[in-house]
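Letters A, B, C and D mark the chains in the order given here, with residues in each chain numbered from 1 onward.
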Amino acid sequence: MRKKIVGVIGGRECKGEVEQLAQDLGIKLAKVVDILVCGGLNGTMEAVSKGFKAGGGSTIGIIPGYNKKDANKFTDIVIPTGLGLARNVLVVKTADVVVALPGGAGTLSEIAYCLQFGIPVVSLQSWDIRGVIKIKTVDEAIKQIKLLLKENKL
Amino acid sequence: MRKKIVGVIGGRECKGEVEQLAQDLGIKLAKVVDILVCGGLNGTMEAVSKGFKAGGGSTIGIIPGYNKKDANKFTDIVIPTGLGLARNVLVVKTADVVVALPGGAGTLSEIAYCLQFGIPVVSLQSWDIRGVIKIKTVDEAIKQIKLLLKENKL
Amino acid sequence: MRKKIVGVIGGRECKGEVEQLAQDLGIKLAKVVDILVCGGLNGTMEAVSKGFKAGGGSTIGIIPGYNKKDANKFTDIVIPTGLGLARNVLVVKTADVVVALPGGAGTLSEIAYCLQFGIPVVSLQSWDIRGVIKIKTVDEAIKQIKLLLKENKL
Amino acid sequence: MRKKIVGVIGGRECKGEVEQLAQDLGIKLAKVVDILVCGGLNGTMEAVSKGFKAGGGSTIGIIPGYNKKDANKFTDIVIPTGLGLARNVLVVKTADVVVALPGGAGTLSEIAYCLQFGIPVVSLQSWDIRGVIKIKTVDEAIKQIKLLLKENKL
């Protein structure tokens, strides 16, 4: 049976509390899903990948450039697309459910694609757009993800 | 000298007042810019292209599929990308300035890309996202576009 | 009525005889088709665009990066895809017929896409692959292009 | 440490001897590399994935459409790109080494991309293009792949 994949999106820069949030989310997500997909670079992507690996999961990084070395070191499988920002579509479409962490316009484009594709997106202290599931804590996010994966028929 | 290009984004469905708005915008934009780029399909894209052609301009349609016949009939040059929604990136990146008309998640993803690229985006009764220039009427939009094109060093 | 578009593909480096060939091809193509599409960069792309402009035509450059300034100066409309080599698909798919000039693996990938899409491709001293129309001189190429455009129902 | 990935390319239709060849190749490749990447659809892609799974490996399918269900059932991780034929770039770029099986223009475009990227490509009864490593049997292919993976510094 095909494995479930969770996507996490968020800013390229993430420090302090948000970094901690991303890492904590990663660790706890690894307990409910086998595979994480993200943009594969630094900031939020690195923090959540680090946590997910620590939690025992496997990670896919879909990066904008052609150089696999651009991926953060917590990435098991690198997809070097060379597509620039168009790779955002692939990141969310590869996921069955998505968690959005704080981020800028890039994160917003990914949330928009989720909404267009009908992929459920949990906004954890991120953009408040009609259609997202607004959540405040990692534990609530995990509860939502569990629920969504149960409903979701891959 | 390279010609200036205006991009217009908006929903696939557009009727009544919004259709009128899009067409009117097209006609008036053609007086200030030579080339229009849009997603090339129906709805807002068709209405604005119709207006822009009526105003004397040339139109480029960057479509998601491979079939040139999918483009609306007011499209002079069709770029059949076959890229699906990833073609949204190309629509806005080809433009020097963008006007957003009412639309859903697709329009939101395009606004987000504008913000990420630093392409000025005038929101004409569309999404109210931090970073866009909010405008209520076509005439105000035209005034803004003129201003932006003057500042913009292609 | 939609305008016919000719695509020209070939190497990034082109000197001496091949440069002359590309420029001459461009000049003569402009007498039979209104619009040229190519990869928009230097080498063959620049030489053929220079010729096509000199012959009175309009040029579209579909470039791999995001910076319009990367396009050669004979490009009227720049499509800055940011897609890297994946933009090769768009170059040939935008064309109704394609002429291949001498080139390496990039040119080969574009010829392959032509064959896959069923776009007629005239090989002017370029790759000899089953399915291409092999031609030795610019004048023969022009004769073929005229014939193909007559058959081709856009 | 990042895992090595082998790519296999080939025709959408594959029957009889070629199907057997693809399946056999898959089984034996799984003994030397952990992960297989391919286009994820039917024909050669399905046969080699079936073999690779039987041999104990994990498979990635990078498909042209958006529907994960289009992937063959031997695909562990589906990347639904929606990019059409532009996804060919991603298939080969994700691989460290590539084996080409018999195929048409699509396979040729992928070989061309390998050559352009400098990814070693072993042609097992497939296209004979300057730059590929021509091989006649699966066992020779495996020997070459082992050699290439040793040289290749990921």
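Following the convention adopted for this analysis, contacts are C-beta pairs under 8 Å (C-beta built on N, C-alpha and C of every residue); 3 or more make two chains touch, one makes a residue touch a chain.
Keep in mind it's a predicted model, so treat the numbers as computed, not measured.
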Please identify each chain that touches chain B as well as chain C. A, D
Over half shared numbers or under half: where do the identical copies chain C and chain D land at their interface, same or different? same
For chain B paired with chain D, centre-to-centre distance based on mean C-alpha positions, whole Å: 40
In angstrom, rounded to a whole number, how far apart do the mean CA points of chain A and chain B lie? 30
Centre distance in Å when chain A and chain D are each reduced to the mean of their C-alpha atoms: 28
Among the residues of chain B, which ones contact at least 2 other chains? 66, 81-86, 89-90, 117
Residues of chain A touching chain C in the complex: 66, 81-86
Provide the residue numbers of chain C that touch chain B in the complex, in ascending order. 2-3, 5, 35, 60, 62, 66, 68, 75-83, 89-90, 93-94, 117, 154
State the interface residues of chain C toward chain D in the complex, per the touch definition above. 83-86, 89-90, 104-106, 108-109, 112-113, 115-117, 129, 131
